[in-house]
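The following blocks contain the structures, represented as structure tokens.
Each of the two complexes below includes subunit A, the first together with subunit B, the second together with subunit C.
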Partner chain A sequence: MERREFLKLTAASGLLIAADALPAQASGAKELPPDAVGLLYDATLCIGCKACMVSCKQVNSQKGGALWSEGMTAPPYEFAGGAQIWDAPTDLSGKSVNIIQLYRSGSGTAKDDPSGYSFVKRQCMHCVHPACVSACPVSAMKKDPRTGIVTYDKDACIGCRYCQVACPWNIPRFEWDQAFPQIRKCQLCRHREEGKYSACAEACPVGATIYGKTADLRTEAARRLALPAGSSTRYPLGRVDSGRFVESKVARYEQHAYGLHEVGGAQCFVLAGVPFDKLGLPQLPEGAFAAKSETIQHTLYKGMIAPGILLAGLLFAAYRSSQDHE
Partner chain B sequence: MKCTACQEVDSGGTLGSGLSRRDFMKVCTAAAVYLGLDASFGAQIAEAAAAKRLPVVWISGQECTGCTETLLRATHPTLEHLILDLISLDYHETLLSGAGKQAEEALEAAMKAGGYVMVAEGAFPTKDGGVYCKVGGKPIVDILAEAGKHAAACIAIGSCSSWGGMPSASPNPTEARGAGEVLKMKGVNIPVMNIPGCPPNPYNFLSAVLYFVTFGKLPDLDDKGRPKFAYSRLIHENCERRPHFDAGRFAEKFGDDGHNQGYCLYKLGCKGPETYNNCSTLTFGDVGAGSWPVGMGAPCFGCSEQGVGFTVPLHSPARLVNVTPPAFFSPIDGAKGGGVTAGAAAVAAAVVGAAVGAGLATSKKVGEVEEGKGK
Partner chain C sequence: MSHEHKPVGGPLFTRMFAIALVFAGIGVWVLARRFMYGLGAVSHMSDGYPWGIWITYDVLVGTAIGCGGYAMALLVYIFNKGEYHPLVRSAVMTSLFGYGLAGFSIFVDIGRYWNMLNVLNPAYWNLNSVLLEVALCIAAYIGVLFLEFFPTFLEAKGGPGAAKGFNKIMFILVAVGVLLPTMHQSSLGTLMVISGQKLSPLWQSGLLPFFNVTTAILMGYGIVIFESYLSANAFGRPYETRILAKLAGVMPALLGLYLVVRWADLLMRGALGSAFSGVPALMFWVENILLVAALAMLAPAAKRASGKNLCTSAFVLLLGCSVLKFNMYIVGFNPGHGWTYFPSVPEIMVTLAIVAIEILAYLIFVKKLPVLPAPEHA
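So, the complex of A and B:
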């Protein structure tokens, strides 16, 4: 190779690398997609009946669901035994992507009281700026540009489980007991046909979980927080805009909709009468973790300048060292 | 008065009217157990019941006779044993053999004697001086008040009599009220016990009556005047379908797969979670398990609970009263593995130690070889 040709090639590849790095520079806070959808879970309405868990498992075990795999004959029950009917998950897992858990303290008799008990629903929060998507090295985790649903593609996944480590709520779970494992997480029942929505919200008999556009859910959450405790109001059933209601007494709310600001905001929210950190929902900073890490990464690699300088320095050091040797 | 139709073949000594001693003891022991008393109280109840038949006057207001019908279906004791051996039913419009003036005379005679238990069945209309329900030309509210004055206690049988029940359903055109409320309005102060239900289980009534016969007072009552032995627990708490509720399995529609498999009826509007009664444990009609509404696949209507039955639409979801979460509910921070055991730590330390040792030995050997080469 001639010297001239070598220089041309080097310049071209340098440009390519720089060009590749350029689009990723746009980091910082991400915006909520226009048609973003999510869930609003209100612990003060929840009766702990687990209808959502049963419905979730059934619906997501259908073709294309978050728990579905080729050739499966029954939903993946936990502790199923021979009869394949007993489902009693104790936590989110490769077999359960939605769970109702119980906080209990003291006598555990007063509902939605810090010294009593409260239910809490755990499932993917569908962050506006998801850390799992940011951490995924192969784009198996993606955020739908229209609905904002954080999706998973098993065919792209390499099983590194970075998403598990990255998620501030420990939501994605790995199928440790499978020969060909996948990551399992709530994908808001995106596999269901048009007109159907999240199975958990559909099954909830008391409107504790409702599905809808994130913007509408934000409005609904703000409305509930403004209601005086002890008054009576109509809570929507199923979807926030279903037009079906259930009349209930308003409980005392913690004055915050969890998920509104945490780590850059989410598309799903939780309302409760018990401090959120007691419900396994830790206090988190407002900025997205992903935004921070992406800013650091993208600054370091901006235009490949810093790595270029580092490489040049190393080459120079190596060159000088070899000169000394001679 | 002697009942010839109900004569039984007596194996042992009889009590004079056909009930064998053995059967009589069985009835009293069963009543003691229903009351939550020790079975040994059966003897005490038997003694009290045999000593003196308690006079009972039965006043019927706005009713469907369902509460009388429920008593007719009791088998231990049967109605005839009850009214001929255990109590003395002095006045009851449906069961009285006499009629008209003769019947009213029986009531007057009972009132003159006094000291009876007054059973009130049906609601009592209070609008326009109570003209919407009359017996013998007199408003029933006045008869109730008059009979109440001479009574030792009042037992309000059925929801109508307890708190107004069906006749008091909105818009309540006759301003129907329960017996206890009407007695209070009329200034009659006697102890009142409510046995709500539509109809109530006859054994709740019979047990309470036998308790009164034995101990001369009403059993422990709750804040709504209901005997605690029968009405202190929610139907939901002891429901045979409760495990399905706890596991999230619900019938979504009548006749669907879940309904056929006996799943929880909460989503069909079952009011068990807000209704205090013992239907789920006592069942009806002495025909075995499952003979109660929820057992049959019909959601509980909340018939015995004021503000639920005849008030809330049948298929609207119930408000859960102090739902106690089951013990096996997964906690927020469930156990996630058992941490490191001493054995595991020792094995890991041994492996690491061996690796480090091997590394040191190898590097030493390599050094020796290189030194040898250098020479």
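So, the complex of A and C:
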């Protein structure tokens, strides 16, 4: 091949590496795993008792839990003020992977009204195409192929915090105050024995948080959104299929199950009477950012063909030059 | 064609050396605290802003400054412009420092550093991860830079001819040494694509890889020019204006291309709506005005002929590209929920310490090793 053509080819593959050569088509929406599980949180049912937070911290501080560390003597409480009386986290952190927060506007009197107040529960959404899993260089974040639970492995983790940069909801939290820190996030109580399920759903006295198969939760969310405000219905307690119910009046819902479509969809959903962005759940596109990033990456590095051609060209050119310089 | 390199010589322990030593010492103290009490004890990074200046300055800007070797190798060996050869060796050395210290910064920044070698273990690899590609590529490139610089050590011991055998395989190192930065400097741009809505539309783009690699090459040429003038001043050596002016002639086309693509992308995505309010918008204009100014200063050949102009325009270019990189990773990044980030004093001290170590190493190397070209009139 002529030197000139070789250089052209080299430059072309160099450009391919340097630029986003293909249009940023999402590389196909990912499928829900066969036994995908998740949570449905209904803010209109939540009474803000925080029983879920107490239960979460307790259960996850047991061996293998999301908050557990070797040698810990007490759950990682976050005391308010000087008095070490009760756990009072105000946000997700390295010490809390589930939290109930309050949105308030104006006089804040009417519940589930945009000009009143609403509770909101935050925990990992367990995305169908999780950005943290896509981002993690060492596979410390993984998505369980069966349950779809997004898990964390501290023995793989290097603490680079790219998962935090990647997560559209800022869910993974880092232990900034530890010399030997971990990332902490909800793992849907996967460490519990067979038959047990997420501690938050188990503890909820009013059925605001329920656990179940994601497919069933989708159906349940759709059922609730179709109910006329002011009517009355039976809400499942604990698990979506527990057979235990509580009868409640139906509030006015925002007509969307948050988590259904956002960034490729999630396995956990939120229903509320207040626009979601006011609850700290931002409007997000339907495609996963992770898909776009992976498309760029795999376009450039597929089979290492483009880098291979580029290297061949570079070797050729560098060899010629070194002969000339002799 | 053969070029001679000579140690500059002179006393090592100067005032500059002493000042740099003090800054390095302060950094060591901060890092001792970081390893004893955790990252939160010394930095203002948070769950919203998990990456601060250690990543943005020491790694992103640091490696771009370290692209001097890459940019020069591209010119001398790939485009066969042998006349720039005298500049290659010191550029490779600066690259070695830049990348070596970026590697050190990553070690300091990551929380679970004892697991760091997992990155090199295929059992842990996640091939979807842009960061994996960056990490492997940077690690490999530090090795390549060390080998590229190796002849300098050989010559220091055995005289000018000592590296002859080694130089026979140099072309392989050069080729790999151009491939690797092309890959990881573009990936350092791709890295932010996954942050989605958290990065302002002024920067969030599928073309981030292109923007980052072109500005890294530009910074590579910029630093070669800038450093030549600094070292000429510091050691009372003659200015290499003629060759540097010619080198600067490469930059306007690349900078022009960058600006055209950058603005076409902004317009096509309709991103300029975000350009008129807030601190990120202000920094967006600072970034672009600096780069347009650099282009205006570099484009006319007459302006490039003046050593002073050249040095100034290289500085403006370096500044503009650095502002772009800060904007991409910090200024344009907004995780929401009221999080803010401004580096803490200890955090800044660590960054200054790294710059100080770079200066210390530079002084030692150029004085003791044959790095800089022997003055032309000698």
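The rule is short, and it goes like this: the second predicted complex is superposed on the first by the 284 of 326 C-alpha atoms of A that agree within 3 Å, B and C clash if a C-alpha of one lies under 4 Å from a C-alpha of the other, contacts with A are read in each partner's own complex, and residues count from 1 in each chain.
One rule holds for everything that comes next: contacts are C-beta pairs under 8 Å (C-beta built on N, C-alpha and C of every residue); 3 or more make two chains touch, one makes a residue touch a chain.
Quantities reported herein were computed from a predicted structural model and do not represent experimental measurements.
In the model built by aligning both structures on subunit A, subunit B clashes with subunit C. Touch criterion met: A:Gly280 reaches subunit B and subunit C at once. By the touch criterion stated above, A:Pro181 is placed in contact with subunit C alone, subunit B being left untouched. In the superposition on chain A, contact of A:Tyr103 is made with subunit B only, not with subunit C. Counting the residues of subunit A that each partner touches, subunit B and subunit C differ, and the larger count belongs to C. Judged by the touch definition given at the top, the superposed model places A:Thr90 against subunit B, while subunit C stays out of reach. In the superposition on chain A, contact of A:Cys52 is made with subunit B only, not with subunit C. For the contact definition in use here, the residues of subunit A common to its subunit B contact set and its subunit C contact set are 91, 280. Across the complex, subunit C is touched by residues 10, 14, 17-20, 24, 91-93, 131, 133-140, 154-162, 164-166, 168, 170, 172-182, 263, 280, 282, 284-285, 289-290, 292-294, 296-298, 300-301, 307, 310-311, 314-315, 317-322, 324-325 of subunit A.
Taken together, the subunit B residues at the contact with subunit A in this complex read 245-250, 264, 266-267, 273, 316-317, 319-320, 322-325, 328-336. By the touch criterion given at the top, residues 47-55, 87-91, 99-104, 108-109, 111, 117, 119-120, 203, 205-206, 246, 248-249, 278-280 of subunit A touch subunit B in their complex. Looking at the complex, you find that subunit C touches subunit A at residues 1, 35-41, 45-48, 50-51, 73, 76-80, 82, 85, 106, 109-113, 115-116, 118-119, 124-126, 128-133, 135, 167, 170-172, 174-176, 178-179, 182-183, 186-187, 190-198, 206-210, 213-214, 335-337.
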